[in-house]
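Two complexes come next, and they have one chain in common, chain A, joined by chain B in the first and chain C in the second.
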Partner chain A sequence: MRIKRRDFLKLSAIAGAAALSGCAGSDSGMNALASGKGGGGKIGEGPGEWRPTTCQGCTTWCPAEVFVQDGRAVKVQGNRHSKQNDGKVCPRGHLSLQQVYDPDRLKVPMKRTNPNKGRGVDPMFVPISWDEALNTIADKMMELRNAKEPEKFCLMRGRYTYMRDVIYDVLPKVFGSPNNISHSSTCAEAEKFGSFYTEGYWDYRDYDLSNSKYILIWGCDPVASNRMIPATIKRLGDALDRATVAAVDPRLTTSAAKASEWLPLIPGTDGALALAMAHVILSDGGWNKEFVGDFKDGVNRFKPGRKVNETDFVEKETYGLVKWWNLVVKDMTPQKAAKISGVPADQIIRVAKGMAAAAPNVAVWMGPGAAMQARGAYSAMSVHALAGILGSVDNVGGSLQTAKIPANKLDSDLLKKYQDELAKKHSKLEKIDQRGRLELPVIASGKSGGGVSTNNAPNGILNKDPYEIKVLVGYMNNFVFSSNGTDRWERALSSIPFTVHLTTNASEFTMFADIVLPCSVSMYERYGYIKTKANRYAALSLLQPVIKPVWDVIEDETEFPFLLAEKLKERGFSNLYDCLVEMYSDPETGDKPKTSKEMSVFALKYYTKPLWDGEKDTHGDKINGWQEMLSRGMWNSEAYKYKSHWGGKFATETTKFEFYSETLKKALAGHAEKHKVDIDTVMEKSNYTARGELAFVPHHEPSLRHGSKKDFPLLFIDYKSRLNREGRSQNSPWYYEFKHVDPGDVGGQDTLRIHPVDAAKYGIKDGDKVKITSMGGSGECIARVWEGVRPGTVSKSYGQGHWAYGRTATADFGKSATRGVNNNTIIPWELERLSGSNARNGGHAAVRIEKI
Partner chain B sequence: MKQYGMVIDLRKCVGCGACALACKTENNTSLRGNGQTHNWADFIHETTGTFPHTKFRTLPVLCNHCSNAPCVEACPVEPKAMFKTADGITMHNDERCIGCRACQDACPYSMDEVMKDGSSGEYSVISYNQEGEPTQKFFTSKTEVIKKCSSSGAELVSLTKANPPYRHNYNHPDYENVRRDNIVEKCIFCDHRLKNNQQPACVDACPSGARVFGDLNDPGSEAAQLLNKDKGFVLKESEGTLPNVHYIREYSAR
Partner chain C sequence: MNTILDHSADEILDRGNCFKLLAACFYEPEKKLFIEEALCDKLHGLLEKCAPGAAGHVKTMQESLLKLEEQQLKIDYSALFVGPFELIAAPYGSIYLENERKVMGESTLAVQRFYENSGLMLDIQEPPDHIAIELEFMSFLCISEAEALTTGDMETAIRQRELQVDFATTMMSWIPLLAENIQAGAQTEYYKALASCLERFYDISLAIYDPGVTPACYEQPNTCS
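Moving on to the complex of A and B:
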């Protein structure tokens, strides 16, 4: 019974007696370990040990350490050897404890007993033995081999470590399927497109924030998500003192809140805004002469609206500046861009001139908001081209590539050795995501069909085109939740006859599975390694089982292929087993792995061996032997050398930084030739408006919109919460407790931020329950009326709206009720076709909001 | 005399939440319930101005360890359960606490019942563990969302022999690492760490280096030196509590 304090105070004379009764009511068992009470034990922490591993809560992939007491993980910090996070993790690291000790984790293999599949249909799972689970999977796979159709096996990969080689390469290729579908295009491939078709780098960039004099953050909030989060958190405050920080984003991010300049552009107008900044810098003579070069006579001929003679300008490290100017930049005045983007012309001019004055020490941080749009390939190039004219590419305070990590690679000769004729032939068939078709160029790294188009896989599956998928294995993925157009995925997964899911929790993908295998939580219970970079250092960091797995789980990337290989061998197909035991024998002793767990360790030793065997200079930390590698948990490179790619060493067609992309021209021409069409047709089929030479330069494209302005008047903005561990932390109570650390958000609810002007227009008050509807779908969330969102837009973070996963993520798991609405149901299915990316930004998701 | 305190550099702080989560993992504070946050470290947020000139800031909040602490004054038991240590920490002794909540009532930084959160400026330094309820209720449930296939909180507790399963064990003569029912709890500057020459967990965990802990009366301490340069501000100065948590510099550069 609760004592009312004021009532009690009147009775303070009996305080002593009350104190006694209070003590008597305590749960002494719960405090048995607090033996220090009354001064008995040593003050301080009980015995324990910090053990190294890696946090995979976001794409930073932080080297981390876990404090272990009595075999339990209890606290998290960064790896103290890390030159990227200096021993600190962001909130995600701490939050991960509620993932490993999630009460809704799967503890045993299970099988579906209800043959009907669909959203909200109870699979009626029952527990089964590991043997039964693996036998069933092996039987289904042997059916494909026996019918000479191994391509009908498909492996889908979500979160991964570099041990992926085993499950993602060796397994499907030796079995005979071309279908290893990664999640990569869900994440940032359009972003990588921007840096590849300018500087020849298909990857995230590193940013030298410690030395920046101007930081332009575009379409991301790097203290909250994207990459190198702890490194950025550490540096932003000092940067605000030393440099100017400007943030381009339609929502008020933390970076935007702290910045000197906030440029809240209209979604999908990034290309115009970037071009206008380029226009100002060039017409003002502010480009970096050392990198870009100059007019022969030193007289600036970049006059608004006027063409320049190409021969008048001599470029140094770049190519095609004048062509670019003549094609698009000359006409994109700040006034014109202001009309398109909603950012005032004087602010565009101020920011552009500010950057020019700080050049070349300018970090132009291009994030997914600028790129992951239906027509985002060219806006990604436009933003990254700013780094080119400022000379900050590969330069002090600018954007950098990476130092090398000398890990071993997959032995592809050995893989080929164990591919039989059927596997050789069928693993080269067209993939289920249809990459490389006319309307889906996916010219990743310059090659038609060179990357993945995750979100087109459901089309291939539904249309059985190029063929039917009969056996699907997914690991640590949840594409039916994490890819926009969730209804399409629901239909596709419902149509597959046999699906296996390797997972920690019963997620939405699991609900379509026939067999489910419980797996380890990556940060705590498995071996693996990752490569990452930040703050000029590349790093290789290990994942290790810092605790004994809480449940009887397996490591998805290594143990599953091994256990499956044993079963396939029993059934007369031994190639996979033979390949694995040869490829992953112990590199020190030559012993072949006898168990799945042994293979995990041997494989890790094989890949990381050059870092600890002392044979060659690693150009980084010196590590003496395997045991030291395990105990340190990571390796740092030397600092990346500035200007590594200057002097004609960019991996582009011209070896220069390209403003007119000969690299893209070649790639598009190659794709057009493959389909016997011209490049204009490729552009048309890929949803782009550019024709002719425009296809080869960074330019502005009008944004694509699903839904009329009349029926869907607002633009929906998706963003990633700083508490999102991918889409997996929504079953953690701490997620809801601290959700308000996302600016404008409110804890304990799925918050939709709406500007007061719009709220008034639609009769919505702060805290109202609202229905949000797009061409893609609808759902319920709670309105937050807030000045930090651009009028005409609404924003909500990705992550909530689970209809499976666990008791906290889902209001009532058994009834498949949701808590909030999944952004990927609201964002209609769409692709950025040149890179194959899921399009989720840029305003194609038009919505209406109604008070419920 | 020592006066431990904290200086929070708002220019460095990005409001990420790492400090508050590190505090929860360090001190095994339970989940929000019965109007109590059990967040010894928390945040409040302020939005001012109108679009596009919107300003926003986050203030990390925790016990101010006031020199003139109303919670101590209000504590009715003798010797007091809420008291000042020689180091200037506002300390809480679990054993002597009778759960009367007079401290919570007296503290201008605490609320009897927190219905909202930092997005509305609501938080509470002092939380109360409901009488007769387990303090880690979340892990007592025996429900399995998929029968016989997924686990339950109770099963995790029985397997790990700890509640919460990630329970961090430490010893201190005044407070326990998991508090019992019918007592209050709050930030104690991680005295169990200070006694071992460690920083409070929130300070250690801050990726931005915004939180500087030290003896404010020692002119040589970093905290005192920061305050020397920038007087900063304290929360609810007019209450006259003389807080020892100070905020310096502006969150935003504009």
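Moving on to the complex of A and C:
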């Protein structure tokens, strides 16, 4: 906030008062005020209006509306046109008001004045102009271009909209870097692994709850977090009248508290439990014959412990059932699984038979708790395979894929046109996260190195392997807080010579930035669009600036690349600018964007055009023109057609649902061949115990544990609060005021739930301040003695423990004092290597608790 | 010379200029500009006439301004009023006047209503209840009052005075809390002295606007000539 007019510092005289009052037609004596009327109409007298946008507080990405009165956002609801949330949002939507109006938001571009970087080292940021900020960044980037090493530029992406193409694809690729590192493997890529290597679907599933007769919720709490929250909140109540609901989770989740069955398994034993359920369903003859097929003579030969002749069984929509049975399922009796998982055998049998009776209308809802484990790829497959034998895949009441959203795609030909030789060559170099190396297959979508391994990027950076990263730009991310093994990120970020952070709020990542740029709050102040699905409908929902931004901020994904491109052009590198203005010209008039804000709008028009231009049937809502698109704010597809992939249309190697995954076999073989080793070696290097044929089927893997049982006797359970707007709501006072909405939690503190048996064992009482320690780190929180957590485990929600954030989230910024402890400091660094995911569940985080 | 409540147009003008220069102090510090424009000298001179108890603090500001590098001032200014981390002395009224830690609250709109009712609009991208903007508004009201007084437009003069009273006693009542935060968190004497100066000047202004309030630091307004 700079003084605009030197006259402001001069003394006003009586003669000059006329100017001040506006009578003389000059505002020379004023600085922040000017004569004239604001928005028109008297404040407090206008009726206000609901304006459509999208809530990005979690991964549901709800079409939403904001009530704006006198230019101020005051209320939030779901978009009235939404067929997913029916006009409702969860608590996160309302909490967003405290984010957009957070006084601690970043308000101006700033630069660090303290060259030392590290935890607890105050960067001593000072305001700078946009011009200085962008010039500095452009200079640093041009140094890389001039040295013919553009690969040393890295773009890190956190939360995004689909406008990501501009900053995430066009910017690095035209500049010449392979390093666009997304956050995706922090989320739940291992979950996608489960559905991809069974049904060929690398994505999150939709669940047809309205028609389910049995709902098995596994490793998530869909009324509180996950990917279709308002839809689930609305439907779970009715489902409880109609269906049986069972929840598999070591902690009593909100969903588990309402469920008929709670199966508090030992962390990391999901594969065994799922296999046992499959064992019961198969040996009991309860599989879905329509989907899976049957024995030729109709006589069930699935007898515990006994092999079956493959030729005796004729499969329909599936492949490899008998192989799977013979390899692992036949031996995983409920009794055996009970010993491994801690879930009683009779409960396993009851749940399995209950599902079989309800089949195929069974939603097997697989969440990150079942997958995001060091050896979680196969447990994800195991849980999803249950949907296969129940015939609920792509079926009524089951798990669904998605209807298509006919949005435009990035014009990759145009992108290539503006890549010079340096860019073409260097953007194909190995990425800094080392994906695709022998010990890090990341076989996303079947391809070696086909996905991201966000949490391995600090290793690449620290070891300068394959090369040094010299210029890093991060947006809407805080990996140093949100990825387990935070100390590794702290060291890595300290080592980078020049870092830029584009963000709404300064955070731990900002502590390592040289320049920090203020960005719009996605739900309120920017253009963008997202794709989402729930309740059988896919949707495209717009983000719009429903209010004038409170401060002078930019849209990270579009405006930053445009403004940077202008600066690079001034320095002789015009490819990025030329590419952007051609790629994102107005699709209606052909006009090239003249400003960054204009490009945001043109880009949004370009991507969404097929939905509103009336040229083709969208198989969804009919929208007449751009203005109607803006005023509705969203488009709904037609309802997803059941069994869309039945009849040999699954995107697997066999085109069937695979219990024996030829798709995985091919992917692993491809990776092994690339490194000239056998698949067993790949498994060994990837921390898996499976050898031989076991590598191709869903199976149980013993969980990995960091720390001995003697020194770290308890297992740590991380979960996401229903008030977590990802990791960004901890600066909102309401977060602490209402935190008790999480079962077993207490407001105003960072609560660690411990079972009464364990509490007595370790001399801990309710409300005690405790120190929690793992191989990864330690911190302080408050114990809550509570029965809703499995003995031998302790549970705490992710989010608190910020050491560098706003006034509410941190206890004392100057001393790096936290309110509670970051779960990602407690959870030691670890990966699920086949998908590249951060491993945060499954019990590798062993801890001890001491009363302070 | 016309007067309102025994205050001359010159006195009112001086007070208006005090508000204006104090407003300038809550912008990003620009050492060269402040020295060239003799910001502290001017403020000191005015306060000696209007509110001598506040003037001494400006001397401290002046000394600190000359002694410190601009960057040191900027670092302190940022930590206090901008962030980006723990905003030590949030410069927005709503943070103090409402229970939620939010900008753009109901009180912010009330402030904006004051501006609009006076024919003014915001010409800066900040919440309207930023301390610098509120001080500027008070300056506007004072100078408008002085001008009206000079032209004999007593109706306008009284209206502008009433607005000052209303605005200062309600919308600016958070100044002592702001000053307290600055005092507790500032690293430089410049901003500590600015906090003291602002608080003292505000106290004295309140006493002028409401003669029933007589703070310990009260100086007789008729010491202005």
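Here, the second predicted complex is superposed on the first by the 806 of 852 C-alpha atoms of A that agree within 3 Å, B and C clash if a C-alpha of one lies under 4 Å from a C-alpha of the other, contacts with A are read in each partner's own complex, and residues count from 1 in each chain.
Following the convention adopted for this analysis, a residue touches a chain if its C-beta (ideal position, glycine included) is under 8 Å from a C-beta of that chain, and two chains touch if they have at least 3 such contacts.
It should be emphasised that the depicted structure is a prediction, and the values quoted were computed from it without experimental measurement.
Asker: Is A:738 in contact with chain B, with chain C, with both, or with neither (first, second, both, neither)?
Answerer: The first partner, chain B, only.
Asker: Determine, for the superposed model, which of the two partners chain B and chain C contacts more residues of chain A.
Answerer: B
Asker: Could you say whether A:224 touches chain B, chain C, both of them, or neither, answering first, second, both or neither?
Answerer: Only chain B; A:224 stays clear of chain C.
Asker: Output check: A:245 vs chain B and chain C. Expected answer is one of first, second, both, neither. What do you get?
Answerer: Touch partner of A:245: chain B, not chain C.
Asker: With both complexes superposed on chain A, which partner does A:747 reach: first (chain B), second (chain C), both or neither?
Answerer: Only chain B; A:747 stays clear of chain C.
Asker: Give one of first, second, both or neither to describe whether A:572 is in contact with chain B, with chain C, with both, or with none.
Answerer: So A:572 meets neither chain B nor chain C here.
Asker: Pick one for A:72: touches chain B only (first), chain C only (second), both, or neither.
Answerer: The answer is both, since A:72 touches chain B and chain C.
Asker: After superposition on the shared chain, which partner residues are touched by A:550: those of chain B (first), chain C (second), both, or neither?
Answerer: Both partners.
Asker: Check whether A:113 is in contact with chain B, with chain C, with both or with neither, and answer first, second, both or neither.
Answerer: Once the two structures are laid over each other on A, A:113 reaches chain C alone.
Asker: Where on chain A do the contacts from chain B and from chain C line up?
Answerer: On chain A, the residues that contact chain B in one structure and chain C in the other are 1-3, 6, 8-9, 12, 16, 18, 22, 27, 30-31, 33-38, 42-44, 70, 72, 97-98, 101, 103-108, 110, 125-127, 505-506, 516, 550-551, 733, 806-807, 813-814.
Asker: Help me check something: in the complex, which residues belonging to chain A touch chain C?
Answerer: 1-4, 6, 8-14, 16-18, 20-22, 27, 29-38, 42-44, 70, 72, 97-98, 101-108, 110, 113, 124-127, 505-506, 510, 516, 549-552, 733, 804-808, 810, 812-814
Asker: Could you pull out which chain B residues touch chain A in their complex?
Answerer: Going through chain B, the ones touching chain A are 9, 11-18, 20-22, 24-26, 31-32, 37, 39, 43, 45, 47, 49-52, 54-58, 76-78, 94-102, 104-105, 116-120, 130-132, 134-136, 138-139, 141, 143, 145-146, 148-153, 155-156, 159-173, 176-178, 180-183, 191-193, 195-196, 204-210, 251-254.
Asker: Residue numbers of chain C touching chain A in their complex, please.
Answerer: Chain C residues touching chain A: 9, 13, 16-17, 20-21, 23-24, 27-28, 30, 33-34, 37, 39, 42, 46, 71, 74-75, 77-78, 81-87, 90, 92, 95, 100-105, 108-109, 112-113, 115-116, 119-127, 130, 132-133, 136-137, 139-140, 143-144, 146-147, 150.
Asker: Name, in rising order, each residue of chain A that touches chain B in their complex.
Answerer: Its residues touching chain B are 1-3, 5-6, 8-9, 12, 15-16, 18-19, 22-23, 25-28, 30-31, 33-39, 41-46, 48, 67, 69-78, 85, 88-91, 93-95, 97-98, 100-101, 103-108, 110, 125-127, 223-224, 229-230, 233-234, 236-238, 240-241, 245, 252, 254, 257-262, 264, 505-506, 516, 550-551, 722-723, 733-734, 737-738, 740-741, 743-748, 755, 784, 786-791, 806-807, 813-814.
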